[in-house]
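Right after this note come the structures.
Okay, so chain A shows up in both of these, paired with chain B first and chain C after.
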Partner chain A sequence: MLPLILRRAVEAVPTLVLVTVTVFLVVHVIPGDPALFLAGDQAREEDVAGVRRHLGLDRPYHLQYLGYLGRILRGDLGYSFTTRTAVADVIAPRVWPSVQLALAAMTLAALLGLATGIVAALRPHGWIDTVVSTVSLLGVTVPTFWLGLMLMWLLAVHWQLVPSFGTGTWKHVVMPAITLGAAPLGIIARLTRSEMLEVLQQDFIRTAWAKGLARHVVVLKHALRNMLLPAVNFVGMQIGIALGYAVVTETVFAWPGLGRLLIDSVTVRDYPTIQGLILLFAAVFIALNVVVDGVAMWVDPRTRHAG
Partner chain B sequence: MRLVPGWLRRIARLHKGVAGLAIVAVYLLAAVCAPLLTPHDPVKQNMAKYMTPPSWAHPLGTDDLGRDLLARILYGARVSIVIAFWASTLGLVIGTALGLTAGYYGGWWDTVAMRFIDLVLSFPSLIVAIAIAIVVGHGVANVIVAVGIYSVPMFARLARSSTQQVRAHEYVVAARSLGASDARVIARYIFPNITASLFVVWTLRMGLVVLTASTLSFLGLGVQPPTPEWGAMLSTAREHLRTSPGLAVYPGLAILGLAMGFNLLGDAMRDVLDPRMRGRLGQQYGVA
Partner chain C sequence: MRRSLSEWRRGALGLTVLAFLVMAGGPAVAQAPKPGGQANVAFSARLETLNPPLINTSLGARIAQHMFETLTTVDDDGRVRPLLAERWAASPDGLTWTFTLRRGVRFHDGTPFNAQAVVANFNHVLDPNLKYGRAGEYPVLKRTEAVDEHTVRFHLSQPWGPFPAYLTRPFAGAQVSPAAIAKGPEFLARNPVGTGPFKLEKFVPGQELLVARNDAYWGKKPYLDRLRFVMIPEAGAREAALQAGDVHLAVPLPPQFERTVSGNPALQWRADRGSRLVYVGINMFRPEFQDFRIRQAMDLAIDRDAILANFLRGLGRKPRSYVQSVAFGFLPVSEYPFDPARAAALLKEAGWTKGKDGILEKAAGEKFPQIVFRVFQGRVIGDLQAAQAVAGYLQEVGFPVVLRQLEHNVHFAEAQKPENKTPQAISQLSLASIGNSVMDGSHTLKLFDFRRPIADAAFSWYHEQDVWPYVDTMLQQSDPAVRLEAIRAAQKLMVPKSVWLPLYEVDQTAGVSKALKGLKVGMDEGYWLWEAWLDK
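Up next is the complex of A and B:
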């Protein structure tokens, strides 16, 4: 099994390299001369040229790219235009809040989504199924930022149950986690339901019923085990999508994470920070896919014993 | 030819089909007839009417620049529908061209095209939209480009896999052995057989485009004020949540309704036009 995961990880490397090329090229497409920006509007022509030389912007593109790649590998993401400190130092303190939020939201989405999806599949077209289907359709079509605003209005302003923004206690996490978790929750519930319905029609389930096994044994032992592999895959996919939507949730709740840093950096045109963040998002996303594949192999006994 | 095509009548027989058609029709009507439905200008400011509560003259009240909220929501339907239609179509055209040729010709072109798609898919989807929006800038046309490109991978993958399936059929093999040119095989045999599922995904995609475009505008990366756009309206409403929650409630309901309308309609179309897509695959294309 381990060699399979390693191979999967190695396969991700070319994609990562292509991502760095893309990010590098995109920065050269964005209008505006970084050297002029760093030197300031009042700078003399020689000073701008000096900054350009210092940044290596006067060298050919392929050399610039190789230099860029080398710096990334050493963890050097350049210097922020706004704080004038290393981008890595600007990004680092934002990582933990984002991880916290993502963990809370995805735990909520995965547990509730799987549970409601299974319950809905046990009695298709029953009232629970109808409620679950309706709520999951809402979860998918509600704009994330609006859900956040409505929660803020009801829970924080109207009933004053939780603080409307900031971090610190578990109460601060409640609204952002629900906001970010709603869409994945809806999708996970929908996919779980259809997957479960499919599994429940299999021959071995009929055999289990025929043997006279109790309902919870059939559902939780026989059916659920066979649900695990697809579940790992679609939950993993949802984590990836939620990674992007964290940008929205963090902006609504002034959550001091990576997503909000991205939007703040866009506002002040801090390109090195934007570039670093987008690279980080892509790297995390690719790594996540490798991990999901690894977990999927691990829960699938066929690959576990093959490797 | 009949006035109402058969598939449309079959859609209208499904509950979700009726609901979806009705919702989308109401929004289209609001977009087209906005000047008839409200006497107010959606852009002109009137500071004498700063955030007034709902009244006969202003059924939903006015915003922080004294503009009628209902007028802004009605005119906002124009912006959202235009973006939904064109961004989805842009994704459809580019994606189909890429996917169809990749699936038909295979070989190095298939590898290059799919490598490009994999590259786009190696970023979280919203990050792709945000990154393109940063590069192309603000405004309605720019949002269409950003959200359109972000929609390409989905259409490309679907067009490619459908093309590969159709291509293997005997009638295609027969046509080719009779000496039909590639262009003729694609136009006459492949394309007509992959349009149904593309059409379904195009409709479902419009729902997602409505959400994504308004998200970009909310983040300040899309349509800019004073253009009446629901997401941008919500961005200012956030600051007045304590005093005028209505400013945040109604534009959000407008987005939710339109997204849901396209989703229901697309779902019904899938059931009628392309029953094979039902189940896991279809849901994946609907929401991811």
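Up next is the complex of A and C:
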């Protein structure tokens, strides 16, 4: 495991450098001028020019990039254009709400997805299978935005079971987690069902049945472990996506996560915050890859010798 | 007859008793405010910093004004009134303004509010090292001087009549404790230290702001113990929070929520008059738009009543001038009739008739240049729908209009490009809006002064000199009567020229819990909770 982590850490360096170049280019190429936005509607041309100078945006691109890279190497993400506070201080309070939401949503999606997928696979084409297939299809196809608002109307307005917005207690997480977890839940359920159906046809499962093993042993110990790999890979990547790009869910529930911060920063062209966030997301994806690989090795020993 | 008279007497007696009961019930209707409690407000704006010159939305600044105060304030009738300054006067040459400050005022950190504090504030905002864009709000302010403890003098590079009105601006005009200013912008972003009726308890950038009553406030103390402002960007979620009883005020709410909010007996729909005018700017540098008949034809081709009825559900007003109807100096100049036949006649007079393809063309077959109409969505109620309707009306009379929807920031940046100020610029119209926080006609009309280009003026592109003397008078004179005359004269000059296509003045719409009493709504997105209380 340790060599894997070390190898991946070394491999991550060029990836992250590439990310800094790409993000720098993208934020500077997209139209819109942060100095104009920050200067306000009453600003004169010289005010806008002054703000641009203050932000260092009047310097040649290569100098701006080198300055940015130098700061990154010193562990400094720079200062937010809009608040003039350290980018790290802008991002830090958003990390835990995002982690909380991503973990809650993915736990819900993984547990329910696996359970319903297995149950559906054990009785293929039965009524349970039909219900699971229909519900999982709905989970994937229903727009997140609509689902969030419907949940809000049902759970917060009509039944008043949970608060309509905010953070702090488990009750606050319920609606955002269901909203964010619905689509991955549907995918995991369908993935589990098809993988399980395939595994249940394999010779070793027939042997297990022939040996007279209990049903739960055959399904949970022998079959499940053999079909888990695609689900583990999927959940791993989904955690990364939920951490950084749960924009719609975070917007609907006013959840103070990283996705909303990214969108807000793009709206006002807060370059340092955008760059800091994308760099963080890239690092998280790389780390998640390592974790997923580690879990895969544990679940399926064959992968330890692959690649 | 006697019986009838007796019945009359009985009836009169009954009415008297009823009137007495109603009168007796009167005081019960006008309840006495109940102190205590916390009001929750859901709002849409992004509030990432509480350093006033860096707050970049009007709504965000108004929220911050529960903690910060300015030297002057402006009433809904456009009159500038004292706040932290008690009185003021301009020198005869208009180059210095002397303000006498209110005594006994302290900032939330205990620092006394005095002339030195005012000097520190304006030096901070205009500090060339800090490069606040909001410095542009005080373009002719040279120096601020503390004459004595309670007298401050502003030295201007040229006379500025509406200067006291501009001191009401909540961005650069907000008075912050000099002790906090000394700690730098990073400290100010999270630590708002003003003189206002509420003081900071908790601020989570981009999420919520909790303020508590300032018991040491110099003025009338608020009834509420606390105010919690929660940032909910999605309008549907704001309304759901209101319906669930989680917030007492949801602001703003688009008109489509009027029915559901009004349908809940615990809630009230509010549509208050605002100062924002939505208009279409015309690129006056393009040769085709220099022809007055073309511009007037566009003006006549738009059915503003239909736009108001269909897209704003009546929650706005038809404009009558370029100055907002609530601002000082407003003069109704045009009825803005919808007359496509007259528009076609004007176009014919200018040599343009509709061709077989429905596009305007000249006799020689020359087609009217394609007009790019740059628009945005979600900044003002009904903006995109109104723009789509305008494009449709213009196409109806033969203008080849192409709608280009841009993100607001891009829209703003595109308008500022220097190439727009040349005849080679693309033929363009731009959707724009302007509020009038200072409630003064000059705030809008100065956009037509090409010598003073500010960011908001980029949608006008008007570069004739005829309006300059009026703008000079309204900006430099301090006599209200003289200023009024200049503001009116400028409208009489500009409106008939059709250099803008004003579309509508938009109301400010919100949903309020009936338990929240004493809410005051200002003309420029100001939802004031200073005197609010909860009836629970």
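Following the convention adopted for this analysis, the second predicted complex is superposed on the first by the 250 of 307 C-alpha atoms of A that agree within 3 Å, B and C clash if a C-alpha of one lies under 4 Å from a C-alpha of the other, contacts with A are read in each partner's own complex, and residues count from 1 in each chain.
We take it that contacts are C-beta pairs under 8 Å (C-beta built on N, C-alpha and C of every residue); 3 or more make two chains touch, one makes a residue touch a chain.
No experiment lies behind these values; they were computed from the predicted model shown.
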Chain B versus chain C as contact partner of A:165, first or second or both or neither
second
Would you sort A:142 into first (chain B), second (chain C), both or neither based on which partner it touches?
first
In the overlay, answer first, second, both or neither for which of chain B and chain C A:267 touches.
both
With the two complexes superposed on chain A, say which partner A:252 touches: chain B (first), chain C (second), both, or neither.
both
Who does A:282 touch here: chain B (first), chain C (second), both, or neither?
first
Using the superposition on chain A described above, determine whether A:72 touches chain B (first), chain C (second), both, or neither.
neither
Chain B versus chain C as contact partner of A:157, first or second or both or neither
both
Does any part of chain A touch chain B in one structure and chain C in the other, and if so which residues?
149, 152-153, 157, 251-252, 267
Chain A contact footprint on chain C (complex, rising order):
42, 46, 48-49, 51, 54, 56, 128, 130-137, 139, 171, 185-186, 189-190, 204-208, 230-234, 236-237, 240-241, 243-246, 407, 409-410, 412-414, 416, 434, 452-456
Could you pull out which chain B residues touch chain A in their complex?
115, 118-119, 122-127, 130-131, 134-135, 207, 211, 214-215, 218-221, 231, 234, 237-238, 241-242, 245, 248-249, 251-252, 255-256, 259-260, 263, 279-280, 283, 287-288
Provide the residue numbers of chain A that touch chain B in the complex, in ascending order.
15-16, 18-19, 22, 26, 29-30, 137-138, 140-146, 149-150, 152-153, 157, 187, 190-191, 194-195, 198, 237, 240-241, 243-245, 247-248, 251-252, 262-263, 266-267, 274, 278, 281-282, 285-286
Could you please specify the touching residues of chain A with respect to chain C in the complex?
31-33, 35-45, 47-48, 50-51, 53-54, 80, 82-86, 90, 93-94, 148-149, 152-153, 156-157, 160, 163-167, 251-254, 256, 260-261, 264, 267-269
